[in-house]
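What follows is chain A paired twice: with chain B in the first complex and chain C in the second.
Right, the complex of A and B next:
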C-alpha cells in the first residue's frame, strides 16, 4: 500500500473538481484505485457471476452425471418439469413460511434485545453483549444439534420437562410431524440469528438523536408513545435493512433442516431440494434449473423490498 | 445519566439473567449432553447422572478420532486461509474506497452487497460439476475459493466503514513533521487501521467457520471435509450406538474458539458489526 502523491490528497478535494478535466494526478489516482480494489472485485464476480451463468447454461440441458453422454439441449424443459411439480411449490411454501415467521419473531425479539443492550447499565453491558454474541458466532449445525437433542424423543429432556402440558407426553415425537418439526427448526434458526438482527437494530437505535427522545419525555410522552412516534420512525431505515437482510438469509435456510429432518415429513425447503437434486441424485440439469430459480426468487424479494418498501441499501455509501 | 435506583438495579439483574438464559441455554444443553454416558442419554434429564469424559476420549484419541481430527484440521486450515485472503483483498479494496477518488466505487459496494445475498446453494451445483471436471473436488482450494464468496463482501463493507473514520490528515501531519511517507503511513495510519482489520478478520472467520453447504457438497472424504459437514456423517462406535455423545463433544470443541474470541473481543466485534451496518 504505497502512499503516492496522487492519493495523499483527500477524496473530498478531488470530488469537487469538474469531471471533464483529467489531470495526470486524477488519472493516476483512478488507476491506483482500481489496482487496489480490482482484485477483490474480480474475485467476487468469479465466485458468483461465473457459477450462476454456468448454472444457467447447464439448466438448459437434460444433464445427469450418471449418464453424461445422453445430455441433450432441451431449452426450458427442466424449468417446466420443476414448475409443474407440486414438490417445488410445497417447498417454496415451506421456505416462505419459515422466512416470514422467523423474521417476524426475530424482529420483535431482536428489537427487545437491542433496547436492552442500548439502555443497559455500564456494569452489565459487556456481559450482555458477550452473551448475545455466542449464538451469533456459533456454528449453525451445532445449534441444530443442540435443539435437536433437546427435543429428540430418545435423548431429549423437553418431553419430560413439559409433560404437564396437554399436548406433550413422554413419547411426543417432535420430528415426525410437519408442524412440530418446523417449530423446532424455526426455534433453532431464531435463536442463532436474532443477535445479528438485534445488532443491526442497535446500530439504528444509536442513530436516533437523544434530544428528540428527551424532548418527548419532557413533554410527558409515555414510553409507548416515545417508541411509536419518535424512536421507531427515526430508525425505519435500519429496521428495513435488517428485515431485508434477514429475510434473504432465512430464505436460504438449509443447515437446520438438513440436520433435524433432512426434509422428511413435509419440512423440505428449496435449498434442500436443490441439494437433493444435484448432489444426491446427480441430476445437474434439473438441479441447475432449481438453482437459477432460487436465485431469481432472491432477486425478486430484494427487488420488491427495494422498490415497494423503498429500502435504501446504499444509503450513505455513495462516493463519500 | 441518572443514578440507578434500587428497583432499577433489580430489574436489570432480572433482564440480564433472562438474556443470559436465552443466549447460553442451548450451549449448556449440548455441553451437558456431551458428558453423558451412552445409557444416560435416554434419561430424559438435562444434566448427566454421572459426568464422563468418554465422548471426548472417543473423538480425540479413541475410535472416532479418524472422523473428527482430520475434519478439525481441515476446518482450521481452510477457514484461516480463506479469512486471510479475504481480509488482504478487502483491506486493499476498502482502502481504495475510503481514500481514493475513482469511478466504480458504488459498483464495487453494490456488487459486494449482491454477492452477500446470493443463495449459496445456487453456486454449489455449478461448482460441484466444474470442480469434478478440473480436479478441485474434495480439495482445500476447492473450498477456499467459494468461501471467499462468503467472507469477502462483509469484509469489504466492514473495513470500508472502519477506514472512513480514520483521520487520514494525521498522515500529512506526520509528513509535515519530517516523516517519510512510508514512516507516516506505518506510524500514524497502521495503528489506527489495525483494529478494524483485526475485527474484520474475526467476523470473516466466524462466517467461514460456520459454513455447511459448501462443506457437504464439495467434499467427499476426510481430505477436505470440514467439521460441520463431518458432524452430519458421524456414526456411533457400533451400529447399535447412536453418535449423539460424540457429536455433542465435537460440537463443544468447535464452539470453544468462538466463545474465546467473543470473550476477548466482544467490544470490537459489536462495533465492527454495527458500524458496517450504519455506514453501509
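Right, the complex of A and C next:
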C-alpha cells in the first residue's frame, strides 16, 4: 500500500514537473515499502493466485479424483455443461435472492441499531454494544444448528409457540418447502450478521459533523428531514462499503444452507453446488469450473459496486 | 555428525549463535531418530474408524495385545456421516496417504474406492469369510472378488407396536406386505416410520423396495459411466414408486416425512402415533436406554415387536436393506501384511459378538450369533440374522454417489412420487449426469 501511495505521489509530481528525479529519501521510502509489503504480497500470491490459477487449469479437464488416469482435456466443455444447465441458473437465482433480501433487511435493521447505539446514554452504551454484538460473535455453524433445532418439526419449539399464527401449525415442516426453508435460512443469516453492518454504519454515523445536524435543527428541519438531507448523504460512503462487504459475504453463503437443508428442496446456493461437485462427487474439473464462475460473479459484484455506484473503499479509512 | 562438529570447532566467533542453534537442532534430530528407531521394532497401524460407542478402540487394544509386540493398532476417527467418511477416505487415498493401513468402509462406497485398496490375499479371504452371512459377503465383493473383509453387518427390520398390529388384525408371525401395513396404519389412524428425507436413507428405501419386487436399480455393475443401464423404469421400479408415492400422498408417514431420517422415525415410533417402522437394530438399545433414563414409558418397550422387512409381493421374500462396515487396507500402506493380520484378529467371531453386545452392531459372521448372551440382550437377533441372509446390497458401481444423489433428489418428497413419471425422470436424469451433460 505504501508503494501505491508513493507511486501515486510520484505520478502527481510527474504531471507537474516532468523531469523530476526522485530524491534518495523517496527511493529509500519506496524500498522500505517493498521490504515491508513484499513478503505479505508474496504470501498472498502463493495462497490466492496459485490456487485460482490451478482451479482454472483443472476446470478445463474432465477430471475425477477417484479416476485420475482417465483425465481428459476438454477445453471449455465444463463451462458449457454448467451454463446450459437449469441447476446453475436456479442456484444463482436462490443465491441472488438471499443476497438481496438479507442485505436490504440488514441495512434497515443495522441502521436502526446504529442509531440506538449512537444515541444511547453513555452509561448503557458499552452494555448495549456488547448485547448487539453477541450474535456476530457466535460461530455460524453453531447459530445454524440453533436455528435448525428451533424450527425442526421433531425437536423445535417454534411450531408450538407460534401455533396461534394463521400460517403456522403443529404440522408445519419448515425444511420441506423451498420458501419456508429459505425464510429460516435468511432469518438466521440476518440475525447473525446485522451487528456487523450496524457497526460499520455506527462508524459512518460518528463521522457526520455535529454542527451540520445542529444547524439543520436550528433552521427548523424535522427529524426525518435531518436524516434524509444531512445524515444519510454524509454517510453515503459508509453505507456503500457496508452494502458491498455484506453483499460479497452473503453471495458466498454456505454454512446455514449446508446445516439446515443441505441444499435440498430448491434451497441450494452456488457455494454449495461447488462444494457438492468438487468434494462430494469428487468431480474436480466440473467443480473447479463452478468455483471459477463463482469467483467471476464475486468480481462482477465488486466491479459494479466500485465502478457504477462509485464506492470509495479508501474514503472510509481516511486514506485519501 | 562428527564431521559437522569438527567444522564447528574452527574459530568463527561471529557465527557462534547460529552454530549453536544448528548444533541444537542436530542434537534434537538425533534424539528423535533414536526414539523412532526404538519404536520401529513394532510398527504402528492406523485404523480409520467410524464413530461408535468405543467398541472399535477396544478391539484395537485387544488385537494390539494379541500381536505380542508385532504391531500396535491406533484408531483415528472419521466423521459421523457416512458420506463425509467416504469423502475423507477418497481424498486421503487419492493423495497416496500411507497412514491408511486399515479402514472401516461402508459397503456402497467399496467399488469407488477399490482402485486404492490392497487386494485381500486368498488365504486371508478364505479364513475371514468361512461363516459370513450371504448378504454381508455380497457387500464386500466387487467384480467377483473380495476387496474388503466383512466386519459387522447392518440391516433394517420391521419394528411394530403389537397393540396396533393386533387392532388391525394382522398376523405378525407370518410375513406382511407393504400394502398391509399401509392399510393398517390408515385404518388405525397411525403413522408409518419410514425415511423420506433426501438423504442416503431414501436410496436405502428405494433399493430395498426394488430388490424386494425382483428388480435391480443397476443392471450392469462395473460398466463405464456412459454405458450404465438402470432398471428404475421396470415394473419393480414403478411398484416402488407406487408404495412411496402412496405413503407420501396419503400422509401415512406423518407431517415430518419429507425430512425424516432414521432417528426421526424412532422418535415418531415412540409417540402415540407410532405403528410400524422400518429401521436398523440400533433402535433396541436406544429405546432401552430411554426407558432407563426415564424419557420413555416401559409399556412402549413391552408393546414393541419385530419381524423381517415387509414384502412388496406377498409371494416373494423381501430383500431388506444392507449396511454395516467392512475393513479394507490402503494400497499405499507401509505394512499391508501386518494390516491383514490385524484385520483377521479384529473380525474373529468372539470380537464380533463383543461388538454386538456392547455397541449394538450385528455380526457378519453367523458363528458370532451362537453366544447365548446375544439372545438375552437382543431378543430379535434371530430376525436380524434371517434378514442379513436375505439382504441385498445397494448398486455396486464406482458411480454410486451419482445414482444415490439422483434418486434422493427425484424421490423426495415422497408425496411427489408418481409411478408413471418419477422412475423414468430419475433414470433420464442420472444417465445425463453420468454422461457429463448435467449437474447433480
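Quick notes on this structure:
In this section, the second predicted complex is superposed on the first by the 286 of 320 C-alpha atoms of A that agree within 3 Å, B and C clash if a C-alpha of one lies under 4 Å from a C-alpha of the other, contacts with A are read in each partner's own complex, and residues count from 1 in each chain.
One rule holds for everything that comes next: a contact is a pair of C-beta atoms (placed from the backbone, for glycine too) under 8 Å apart; a residue touches a chain by one contact, two chains touch by 3 or more.
Because the structure is predicted, anything quoted here is derived from the model rather than measured.
Legend: residue contacts after superposition of the two complexes on their common chain; A:264 is shown touching chain C, with no touch to chain B. In the superposed model, A:303 lies in contact with neither chain B nor chain C.
In the superposition on chain A, A:281 makes contact with chain C only, while chain B stays out of contact range.
Look at A:73: by the touch rule set out above, it reaches neither chain B nor chain C. With both structures placed on the common chain, the touch criterion links A:171 to chain C but leaves chain B unconnected. When both complexes are overlaid on chain A, the residue A:154 reaches chain B and chain C alike. Using the contact criterion defined above for the overlaid structures, shared-chain residue A:179 touches neither chain B nor chain C, since it reaches no partner.
Taking chain B and chain C in turn and counting the residues of chain A each one touches, the greater count comes from B. When both complexes are overlaid on chain A, the residue A:85 reaches chain C alone and has no touch with chain B.
In the superposed model, A:65 makes contact with both chain B and chain C.
Once the two complexes are overlaid on chain A, the chain A residues touched by chain B in the first and by chain C in the second are 65, 154, 170, 279.
The part of chain C that touches chain A in the complex is made up of residues 83, 87, 90-91, 94, 112-113, 115-116, 197-199, 255-256, 258-259, 264, 267-268, 398, 401-402, 405, 408-409, 412-413, 436-440. On chain B, the positions that touch chain A within their shared complex are 4, 8-9, 12, 15-16, 19-20, 22-24, 26-27, 29-30, 33, 41-46, 89-90, 92-93, 95-115, 117-130, 132, 145-146, 148-149, 152-153, 156, 160, 164, 168-169, 171-172, 181-182, 184-185, 206, 209-210, 212-213, 216-217, 227-228, 231-232, 242, 244, 247-248, 251, 254-255, 258-259, 261-263, 266-267, 269-270, 273-275, 277-280. Here chain A touches chain C in the complex through residues 62, 65-68, 77, 81-82, 85, 87-88, 152-154, 170-173, 175-176, 262, 264-265, 273, 276-277, 279-282, 286, going by the rule given at the top. Contact residues of chain A toward chain B in the complex are 1-3, 7-8, 10-11, 14-15, 26, 29-34, 36-37, 39-41, 43-45, 47-48, 51-52, 54-55, 58, 65, 113, 116, 120-121, 124, 126-143, 145-147, 149-150, 154-157, 159-161, 170, 188, 191, 195-196, 199-200, 202-204, 206-207, 238, 241-242, 245, 248-249, 251-252, 254-255, 258-259, 270-271, 274-275, 278-279, 284, 287-288, 290-292, 294-295, 297-298, 302, 313-314, 316-320.
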